[in-house]
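Same chain, two partners: chain A is paired with chain B first, then with chain C.
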Partner chain A sequence: MSVFVVRGEKLAARKVGGEMVILSAEDSSLFVLNEVGTIIWEAADGRTSIQAIADAVCVEYDVDPVSALTDVTEFVQALAAAGIVSTSEQAAR
Partner chain B sequence: MTSHVLDRVRDRAFAERIPLAVHFDLTYRCNERCVHCYLDHEDHGEMTTAEVKDVLDQLASSGTLFLTFSGGELLLRKDFFELLAYARQLQFDVKIKTNAILIKEADAVRIRDLGVRQVQISVYSHRPDVHDAITKVRGSLARTIAAIRFLSACGLKVTIANVLMRQNASDYHGVRALAKDLGAEYTLDPTITPKMNGDTSILALRMPEAQVLHLFKDAAVVGEGFCSLPTEADAETLDSAPCSAGHIACYITPYGDVYPCVQFPLPSGNLRQQRFDDVWHHSPQLNEVRSIRTRDLTTCPSCTYVSTCTRCPGLAYMEGNMRGPSSADCEKSMLRARAASPEGASE
Partner chain C sequence: MQRSRDVTVEVGHIAVALRTNNRPLIRLLEQRFRRFLAPSAVPAFQFDITVVPQSNYDEEADLSVEVRDGSWIMRRGDFHAEWDVAERRGHIRQTLNPYAVDSILRIVHTLVLSMEGGFLLHASSAVRNGRAYVFTGPSGAGKSTIVGLAPDDVTVLTDEISYLRRTGDGYVAFGTPFAGELSDAGEPASAPVAALFQLGRGEDNRHERLDSAQTVKTLMRNILFFAGDRRLVGRVLDTACDFASCVPAYALRFSPDQRVWSTFA
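Up next is the complex of A and B:
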């Protein structure tokens, strides 16, 4: 089953010097994502699956597919816990 | 917001000359006529909806994260919510500055739902007669307070900005208590600046020195550490940029003019004639501002207070020399030191 990643609401975001900076309007919490986090954020359009994001990470960083999927899944869970993204089993229209 | 993370982001923006924070006045029209206001309220040809959106697109691609929408009273723009929605779609962190008297309950919900992080509202006094005399609009305090209740009730972070002058110099405790009652944060500022056109007549409204000293000695209001005795300036202080204006921040007028800061009206380009990136990276005026370090200032490097001074280069510019002192800040620096001294504490 595919899992799709969608950006959280009420967040501001900008790439500053190569790092994605995310700021929450609700509690002013501030996050600076690393490169993998930035790839996940930029892909989190609700129509791109975790598997597709992991495939992109494989291409970008030349890592094996199993490790990439594990890392991306864990990263998405961490971002979801922080309210930066959420996941859905259905793709957004 | 985690300050060390923010510091890191700001340092990165500074090193790479990214316009991280932009103050964008959408209009100078206003429904109040505050006695200390530095603007004229005529419409000299504001940018259209399409022009503002184009500027926002350019700012987003230039790296701006922090966007302040202000005025004038920005809710007088009929396209305000359209522009706000567009800015949020571009993922700016948006703060709005308003007198709030046009904000009804439904507007507050709309502002919240669009993801605005902070609303800053001017309140001059907890006493209607004093506040309304400053805004010259009868009933304005009651309307502003009603709006703050709407905004706070829907969970928005509201900050009451209390500009102090002769008329309301003793009202800050009352406004602070009002802010607490309304669930709002409170900030005060005793700075009255010349008008944008250079007219200095409103400087007569500045609080007398004795009242500023009294205010500065009130640590519960200004904060612990606000007043301190000066220390000898080290190399880091002298090598630092005087402030963020022109380095990671700038100001855009409703007519597309770019200045280093809202308090620093040095014409540096116009977005109806130039792309933002061209102005930001190639304006001789902004590059001159960026070249200045504290050690380059005319008299400040040898001043006793240089290590604790919060000199505003824009106010210095309005006094005639962006490398010179800002006399209002000279006075404040001396008063902060006096307030921190044993002699000052007993004054």
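Up next is the complex of A and C:
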């Protein structure tokens, strides 16, 4: 089953020097994503699956597909726990 | 009934008129904002103030700010204020103290600056040789200490809240009257910003350049903003990114004596 990732609402994000800086309008908390986190954030349109994001990471960083999927899944879980993204088993329309 | 009077306070060339008939409050405001009074300035905003003997609210209540239909509603234990931004008018009900207006002015300037490409920053700032140096960091980082050590040729703009605004090709720092209960206000001067320093204590004086992502992080941890509005937050983040792209920033470790000022010659 595919899992799709979507960016949270009430967030402002800007790319600064290759890192994504994200600010929550709700509680002013600040997150800075590294390059892999930034790839996930930029792909999190609700229509791209975790598998597709992992494939993109594979191409970009020349890592094996299994570890890429594990890393991306863990990263998405951490971002979801922080409220920056959410996941859904259905693609957004 | 005594006649109302305006106390007009100007910070960063933006004047706010405070109108009340309460003489003791007028005296308190004129004293607290004495270096920033601008009786002949055309006010950008006006607040009518009613002094109440005691608050209807929990006196210990923390500041809350919300935006409803274009009106900003600001509440704390000692005041309740509503501000219609489009009408440029507001009303304050407060107990007799100078701190309510101090807090409300910070909120007003925060919004005005966010629209004009600027921000209020938890930072001290000072001018030397026509250039402003801004020192930021959390409580205890040394913001007041470093400007307290400044030699006589330095003008202190503030030891607590810096006022920074975009101009043609950089940022200008303006003096502010915003100070803690025990510290003194800054001077109503201004100068182009030469550099931002993120403070920390050290055995000796050394500074290292921050990259733009580190600078944005430092700024966002120390910028004052109040309303949970996504557009406003986006604008503040844009301004922080812009500031980081045109003002050099450094991590500064300093030993608390006057020698640190040789860095800012």
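Points worth noting:
The working rule: the second predicted complex is superposed on the first by the 93 of 93 C-alpha atoms of A that agree within 3 Å, B and C clash if a C-alpha of one lies under 4 Å from a C-alpha of the other, contacts with A are read in each partner's own complex, and residues count from 1 in each chain.
In this section, a contact is a pair of C-beta atoms (placed from the backbone, for glycine too) under 8 Å apart; a residue touches a chain by one contact, two chains touch by 3 or more.
Predicted, not measured: the structure shown is a model, and the values here were computed from it.
When the two complexes are overlaid on their common chain A, residue A:35 makes contact with neither chain B nor chain C. When the two complexes are overlaid on their common chain A, residue A:19 makes contact with chain B and with chain C alike.
After overlaying the two complexes on the shared chain, residue contacts for A:60 are found with neither chain B nor chain C. Shared-chain residue A:11: touches chain B and chain C both. Once the two complexes are overlaid on chain A, the chain A residues touched by chain B in the first and by chain C in the second are 9-14, 16-17, 19, 21, 23-26, 28, 30, 32. Within the complex formed with chain C, the residues of chain A that make contact are 9-14, 16-19, 21, 23-28, 30, 32.
Interface residues of chain A, counted against chain B in their complex, comprise 9-17, 19, 21, 23-26, 28-32. Chain C contributes residues 211-213, 216-217, 220-221, 225, 228-230, 232-234, 236-238, 241, 244 to its touches with chain A in the complex. Residues 1-2, 5-6, 8-9, 12-13, 15-16, 18, 20, 60, 63-65, 91-94, 115-117, 155, 157 of chain B touch chain A in their complex.
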